[in-house]
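Alright, structures below, take your time with them.
Same chain, two partners: chain A is paired with chain B first, then with chain C.
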Partner chain A sequence: MKLNTGERWDLIDRISKETVTFGAYRHTLKDAIGELTVKPMTGIPVAIAVMYGFWSVFGSFAGFFTDGFFVRLFDAYWLPWLQEVFPGQGEWLYAIMVDTGGIESGEFVLSSNCLESFGVLTSGLFVAIGVVLPAIIIFYLMLALLEDIGYMPRLAVLLDTVLHRVGLHGYAIVPTILSLGCNVPGVTATRILETKKQRFIMMTLLAIFIPCGAQIGIMQDVVPDLMGWILLYLIIGYFVFGYILNKIVPGKAPEFLIDVPPYRRPLLSNIGKKVGGRVRGFFVVAIPFVLLGCAIVGVLYQLGVIQFLGDTLAPVFVGWFGVPKETAGPLIAAFLRKDLAVAQLSAITMTPYQMITAVVLVSIYFPCVATFAMMLKEGWKELIGSLAVLAVVVFTYGGLIHLIGILLGVA
Partner chain B sequence: MKILLMGHPNVGKSVFFNRLTGANVTESNYPGTTVDYTKGWMKIEGGDVEIVDVPGTFSLDPKDRAEEVAVAMLHENRDAKVISVIDASKIERGLYLAMEIIEEGYPMVIALNMRDVAEDKNIVIDADRLERILGIPVVSTVAIAGEGIKELVSRLKEAKPVNVDDIIANAANASDTTGAADAGGAA
Partner chain C sequence: MAEQSAGGAIYFAILGIVTTAFGLADLLVTASGSEFAYGGILEIPGDIFRGGWGGIILLFAGIFYLSGIRNFDDIHQFAKVVMASILIWVVAGCDIFAMITESIPSSSEETGPWFNTLPDFIAAYAPPYAPAVLLLPFSLVVIYYIRKRASGEEGSGNSS
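Presenting the complex of A and B:
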């Protein structure tokens, strides 16, 4: 037999009257802290402090391991040793695996560091293990802490008003923050949004504007002083294009109802398991792609495809976006791994503003292949829609950034 | 045998799943951590039992994709048993979903999870009495601390479908006895 909603609630009322006693409500310390972090007057300063703390721990931890340890290990020992023992210097396999080198006054010279060598075993391994791995570990450690304490839903409540402007609601902060680690779980997390419209807007914004942890890690290493600008352009893009999408995408953007869970003391074992699992995922999924991306770009260089693309697309790159035509190579790599692409950009000579534009382009242009596959799994119609939006965004926003540079007199 | 872990978002289903199967699905303190189902295996009295960590849902009337996954999972497994995980500090609405599933004829055990949180809020639940009214096992648990998990597993075999009429009758009888005790307090 089935009950209707009213009958069911009546029955539950009767059952609960018999079995549950509600004592007097005590205002505990946990409740007090909970309220302080949700009420805007106190909650917003706390949120800013939390984000700032997150950022500075992230930067100093990643910097400590990358600059203090891995850069020396890779540049002083690993690279010279490989350059020495790998056979066939100057040949194509050597160029792809170890060092493409350079020509100085007519002579072949070896690269002096792992970002310029472009080899699978040098740049590829350095980017994956030396730069991205420490960044990923610290990012996931802190994310796990925020998740398990129960801070995320509070952030959702605080940001609700702002996110409504872009057709979403506070809970969109969960896919957004997950995407800052990796866009793949971010895309899956869009399932917690109620309507197709919200899911589409969220997925599109994630794929275009949210840089993943690997990419943030490498940016922190190679262009630390330009980070602020790059992130600012991405955040502005997120809101501006979110606002536009909200106006043009049909559908509803309902209010959200959320249970804010009580704060809990995180369990070390659970934090360990989560960070371990996510880092293992990085090893299994990301590292092969970094190495593969390195190899493909290396081969394309050797075959002259990248020079050809660069020359063909030069009017677009130089004229419209205002970046050097060599950016073509990293943009191809960006489809496999964005972190690799940023590393390759850093080896190209350009002005700081060109670098900002190029890194923003790498971020907003095509999602990496893993994200692409995940979006396809969530629905091919949405994927095609997202890609259409993406094409428009890359051209208008990329051009706009160039224009801003011209107006500021820096491009 | 197949067992589905079902309940509202953020009541601890994934914690149960990891405890029962030794697997590592992501657990977090916010609703909506699990958006797809995960399967795992455990041994009960020598037999292999499949456990499914189902995304949280408020009712059997889905309102987002994660809830659709949950409801589809339930309806695709007509022969499954259900462990209904309920946040003891929000027991009434947890019972609502449990009732919906019971009405569809699934054998069930109830895990009254987060007993510690309920205690913090001064909420006391008479689990034995609830068990007598519902006619299915009700076990108090604190899953993250591992409390009550063994008892829950040992009582899985007592899960059986119950008729809603019986529950209604039991609830009426129960209120008669209290009624007599406190001189007609409950009508």
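Presenting the complex of A and C:
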């Protein structure tokens, strides 16, 4: 039997009359709230509140464990104990594993806290367990809550228009936010974007402008008052350079279609699985890099490589970026551990604006080794392209921040 | 029912005005770079995060209350009032969570006790409070209206 178009529609009508119940749909309160969180006029204030809650809980939780307990545990008990029992004080192995110390009046002096000792067993463990772990746990817990409640798709819809300006679409918020925990899963999550252009832009932006949880944790600990300004500079850079990349990178940036689910009560088992899996992943991928990075930085310091590079590049750092000569070493070491580099910067005397510039430079300077390896896995051409963009961004944006400081009279 | 709705509209109108005023005060105090305290019960933080960012959210909450009170029975309008309360709960919840996390560990440096003493722990919850915390109990009234609306819908058999 062959039906023409009209007959097909008649058949569809008959079937739907028998199977579908028609009636007026009355919006529930949940529906109405769901709509409010998607419409820009009401959705943006809600997004601002959600982000406020996210960072406030993040800061309180991480501060509770790090400042409340881990700082004391590591500085008052672990560091002095290790300094005493580890053999070979002042020798290179002692410097790499426990404490690089310092020289005062010709005598070797031990560090007073784990942020200044730069040993694998002291700074490395303190950063990994005392600073990063609480930050990562609360970050992924909050993220899992937002996902399970059903807020993330709404945030994607809300930010879709803005993200189209940088060649991305609403779903780009997923790798962006994941990268705030760790850049490694963020790079993997770029695969949800459809075109090569989108993936390249996303990977480049997150490698440059998104600080990872380890870095945010340490910033929260050592420069809490300046965090707002540092993040502001990074957000501005994300959009400005994203806009430029969108204009110069060939390729398509298609629209996206998303099914926005209703708000749901989060399930504890779901959240537990998500947080557990992500924290485990972080432990496997990132923690070895923290410790290894710390060891390599220690070796390079002992061999005088970082000192040499720092001295060689000092004119660029002082003249172009407007930061003190001493920051050259930490900025070089940032390739291996950005979090440790921020900790090193905190020990250098400089103005608040120089500190903002230096920490922004650490963030945009180079992806950490783990992210670097992950980007290489996604394709060497993309990696080289991203690094080329990165080099340009570091010099132009670093110089621009210095220029802004000069114009404002604070640099 | 209509009288009760009118009562709700008036209540949330007043709450909206107070919330808007608190939001503006938060922003002004933050802009001035100092803290503000009043009567030993109210303290407006002057930092950019709690005062500035939090103040913006309170301001939005106030605007949501005021825009939601017209045609209060309409579900979309009522949703704005509920959303305003949720915004206050977010800010107040964060303030209270910060109080809890700050009250537990000892404030003494180095090798002192790990946990706070009981008097210091209790003192951490004493006033003055931030504006959102003061607004919190008043914003909870919205739960009564949510329940009333839900029971009304069940009664009319139209729970969608």
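In this text, the second predicted complex is superposed on the first by the 377 of 411 C-alpha atoms of A that agree within 3 Å, B and C clash if a C-alpha of one lies under 4 Å from a C-alpha of the other, contacts with A are read in each partner's own complex, and residues count from 1 in each chain.
In the analysis below, a contact is a pair of C-beta atoms (placed from the backbone, for glycine too) under 8 Å apart; a residue touches a chain by one contact, two chains touch by 3 or more.
This is a predicted model, so every value here is computed, not measured.
Of the two partner chains placed by the overlay, only chain B lies in contact with A:N270; chain C stays clear of it.
Legend: residue contacts after superposition of the two complexes on their common chain; A:I235 is shown touching neither chain B nor chain C. When both complexes are overlaid on chain A, the residue A:D259 reaches chain B alone and has no touch with chain C.
A count of residues in chain A touched by chain B and by chain C gives the higher number to B.
In the superposed pair of complexes, A:V57 makes contact with chain C only, with no contact to chain B.
Touch criterion met: A:F22 reaches chain B, while chain C stays clear of it. By the touch criterion defined above, A:E194 lies against chain B but remains apart from chain C after alignment on the C-alpha atoms of chain A. With both structures placed on the common chain, the touch criterion links A:D148 to chain B but leaves chain C unconnected.
Contacts of A:W9 after superposition on the shared chain: chain B is touched, whereas chain C is not. Of the residues of chain A, those at positions 25-26, 28 touch chain B in one of the two structures and chain C in the other. Chain C contributes residues 48-50, 53-54, 56-57, 60, 64, 75-76, 78-80, 82-83, 86-87, 90-91, 93-94, 97-98, 101-102, 104-105, 109-111, 114, 146, 149-150, 153, 158-160 to its touches with chain A in the complex.
Listing the residues of chain A that touch chain B in their complex gives 1-3, 8-9, 11-26, 28, 30, 144, 147-150, 152-153, 171, 174, 188-189, 191-194, 199, 258-259, 261-264, 266-267, 270, 273-274, 276-277. Chain A makes touch with chain C in their complex at residues 25-29, 31-33, 35-37, 42, 45-46, 48-50, 52-53, 55-57, 59-61, 63-64, 67-69, 72, 75-77, 228.
Those residues of chain B that touch chain A in the shared complex are 8-10, 18, 24, 26-33, 35-36, 55, 63-66, 69, 90-92, 95-96, 99-100, 103-104, 117, 120-127, 129-130, 133-134, 144, 163-165, 167-168, 171-172, 174-175, 178, 186.
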